[in-house]
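In the part that follows, the structures are each spelled out as structure tokens.
Both complexes below contain subunit A, partnered by subunit B and then by subunit C.
Right after this comes the complex of A and B.
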């Protein structure tokens, strides 16, 4: 098919426009976000995380019950109903309120454990990798030794020595939790510090602090973030596991782990709701974080760029 | 313009890297990357350093700036021995000595905008407030031939030549006296190389800069340098004024190197000196003259005694026993 010449319009090339870039200047994070947005599973994970956080904060407010309020007598082991949305447990406590109360504890443990890992691991690993040589050698041997400690033993020791509770669990998880992060950051820093832009900053006379926080760590942020999204569910799971062993938060405070533990004695009887709701939301949280972390890893990896 | 005043004096600079091995990481040998190199750079001149890959020219540049701690030797800059300065003194001294790097893709932090890269030296040395720094960044961008709107862009949005201009602007930000340019054009297209070289020459004139220009491209070095030094296996073998070196090379290695430069004339008669063998390993450098294993004029003394690097007349330095025969 021939197109008649008059249909064409001549476009002049303008010199002053030659340098303009159509697309706006996109930073690394914006670029990653654009890629993350296309990943529906990761976005579903992110949506679930936001939902869970909101419910953990406001969930108990929706109910007229409190997590420790007992209704002995008629209120025990009630099925889910319009009165008690998730039913009640053997002491007549509302499972809906206790589930979100448990979400508060579980999510807090997840976030704080991840935060401590982040701060300690990044500083330790970053310094070790940057200094290199003997300093690095000594610091990494310390990590190796701590790595060799049986984690369960440390945690149990902690819970025996200190008063059991949320903060004790967080501290116990953090004793060995930051080791992975330190190793990751050290490895990244070792690799990055040979880059010429780091040498350029040294030539400028930049301080160690500036090199670490302006040049090395920002360029490691991708892997750090990905690791964090896997640290959070790990800590939540560890708490549930410890509570299940009876080492968790103490009654009447609820966490998903203690609720599952309490419900286990009746798992074979009729009261399925007592096990189902905490277990369901625990699984959902782990799934959401893992899906999000997975998507984040893909989005932050420039090699995945299409 | 070149004056006779010496800005940088390098004396017996050595940089050895230990090789560790065995169970306990004992030192089992060393790589002599820079082996007893001495030279001077005069104020306002460009000293070119050429040599093949692995001859230690980059390590020399980095040792001078103490990016690699020298094993031995003195680096005297404006009367102060850089190797003896404390950390903080050296940090302040770095304003005077800057570096332009080889790989424009690796020498800029991918997370920083061009503006913040150029601003960084000003922040590090506490020069000016935020507004003055922004002005200075704009000025520097225009000095190196970029526009002020480029400041908001990230390194990946620039071409290789443009990135190298950003690297040069960063080096200029603190008004240094000496710039060590470590193969600044080797990674660029030939068409861009001349632009960047011309920019460097213009800047030298405007800002009264002194360059230590490291390269492996003999024609580039000839174009930009006032004096040229030739390195082989961690040693300086010859150093002379540019025309003197290219017209009347003394050292057999320099002669062989120059004979390898292609001449853009198909009818030109040229005598090629083809060296046999490979460069010996710097872990086990030859006794005597480093070049004796490949030298076409080798004598007995070359295998025994290391020739002295000395003036053969009118500032033409060379290290070769032939000059004494």
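Right after this comes the complex of A and C.
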């Protein structure tokens, strides 16, 4: 089918428009988000994380019980019902409220572990990588030596000596928790500091502080974020593990680890809900963070780009 | 190579010294002494006890004595049960813990390599999805949840394995599997990605093109190269298995070091805590050292000691 010539319109090249970019430019983060959105497992993880955070904040509010309120007598070991959604334990405490109290502890531990990673690990690794030379050598030998320490043993030592509880766990985790991050950031900074924009900034007289915080660290944010999403589940696992051994938070405060430990004595009897709910939500939390971290890593890794 | 071994060795010694000193400092920063919480002793007995444990000497002297004892592998006497030395406890418990740990490690590495290979060969097909779901479960479900579940279902309801205890091989199956689950998942994932990486290489195409049977391509060309990353995580894996054995030994009541350690922590038996910590830390640090060396031997491309290899 021929189109008559008068239907065509001539598009003149305009000098003033030659440099305009028609498509909006996609930034690093937007690009990553576009890829992350297509990964259903990662999005499921993100959704679960949001759900867990909301429930940890508001879950205990929905219920008329408190985590320490006991109901001895008829209220002991009750099956899940409309009254007690997740049942009650051997002291008649509501498992629903205790489960979300446990979520509060776990998420707080995860948050602070990530914060330590971010502050200590990023600064240490960034500084070591940027300074290079002898400073780097000494700082990395220190990391090498600490690296060999079996961290759960160190944490147990701390908990034996200091009063067990959430803050002691956080303090103990901060002894060796930041090493991974320091190594990662140092490696990235070592590569980045050879780039021209760093030299340009140096030539313009930028200070070490400015270079680190304005140029080097923002450019390693991707790998840092990925590392953080794996720090969180590791710390949550460590807390549950320690509480399970009786070294974590102390009664009556509820933690998933202590709840599982308490339920261990009845695991072979009928009261399945006492083990099931803390175990299920602990596993779900670990799953959510790991799935989200995996997805984030794939989305931020340029090598995955097709 | 020698230079690298020497450097690693010095780092190993420094780590050992650090954990020993850290243990010493922490244990001595506890207010009072190990006997304060005990029932009131007569003054003379207390002084004799302190003398016996060298607690009457100044702290620096105690520290040097402690280092000297460590160097001769003397880990001291249990304060709560003074008839037993820590060395005896370790001799009793270690064979059981070692059997459990070695079984778990063997399951994790062999099954993990196999599952990872299967997943990579059938990438984005059913076997791959099944393996990856198993791996995700292995990473998400802690072993102190798996242990009780195994006991309830495999032990109590289906009566396949004995619920707990230690002695014959049957009793060691469930705890070994429960302990192996997390490292198994990690090995599977690592093996899958490293296998996928290798399968995409040119030399695999060459091997196929020259008409090698698929099995030989896998065994001769792919497996050998894909296995290298797995070797490097055996060190960290053994740490996980070892700390995991604390809870597994507790759940399945296995008379291993982990159980002694957990008991000594609950009883606050400081000399046992110190001794076992040092023993385990030393073992792990030494294993890491060996793994580091093995890594260099397996892969000749890695230049040990060079900056790039780190």
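Note that in this section the second predicted complex is superposed on the first by the 287 of 306 C-alpha atoms of A that agree within 3 Å, B and C clash if a C-alpha of one lies under 4 Å from a C-alpha of the other, contacts with A are read in each partner's own complex, and residues count from 1 in each chain.
Please note the rule applied: contacts are C-beta pairs under 8 Å (C-beta built on N, C-alpha and C of every residue); 3 or more make two chains touch, one makes a residue touch a chain.
All values reported here derive from a predicted model rather than from experimental measurement.
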Checklist entry - For the overlay on subunit A, clash or fit between subunit B and subunit C? => result fit
Next on the checklist: One more residue to check, A:195. First (subunit B), second (subunit C), both or neither?
Outcome noted: first
Next on the checklist: Which chain, subunit B or subunit C, ends up touching more residues of subunit A in the combined arrangement?
Outcome noted: C
Next on the checklist: By the touch definition at the top of the document, which applies to A:241: first (subunit B), second (subunit C), both, or neither?
Outcome noted: second
Next on the checklist: If we overlay the two complexes on their shared chain A, which of subunit B and subunit C does A:287 touch? Say first, second, both or neither.
Outcome noted: second
Checklist outcome for this item: Note, angle between subunit B and subunit C viewed from the Cα centre of subunit A, nearest 10 degrees, works out at 100
Next on the checklist: With both complexes overlaid on chain A, does A:27 touch subunit B (first), subunit C (second), both or neither?
Outcome noted: first
Next on the checklist: One more residue to check, A:204. First (subunit B), second (subunit C), both or neither?
Outcome noted: first
Next on the checklist: Quick check on the superposed model: minimum Cα to Cα separation from subunit B to subunit C, whole Å please.
Outcome noted: 5
Checklist outcome for this item: Overlap of the subunit B and subunit C interfaces on subunit A comprises residues none
Next on the checklist: Could you list, by residue number, the parts of subunit B that touch subunit A in their complex?
Outcome noted: 62, 65, 67, 90-92, 94-95, 97-99, 101-103, 106-113, 120-121, 124-125, 147, 152-154, 157, 167, 170, 174
Item to check | subunit A-facing residues of subunit C, complex | outcome: 11-12, 14-15, 18-19, 22-23, 26-27, 29-30, 136, 139-142, 144-145, 148, 151-152, 156, 163, 239, 242-243, 246-247, 250-251, 262, 265-266, 268, 270, 273, 277, 280-281, 284-285, 288
Checklist entry - For subunit A, which residues are in contact with subunit B within the complex? => result 19, 21, 25-28, 195-197, 199-207, 210, 214-215, 218-219
Checklist outcome for this item: Per the touch rule, the subunit A residues reaching subunit C in their complex are 141, 144-150, 152-154, 156-158, 160-161, 237, 240-241, 244-247, 257, 260-261, 263-264, 267-268, 275, 279, 282-284, 286-287, 290-291
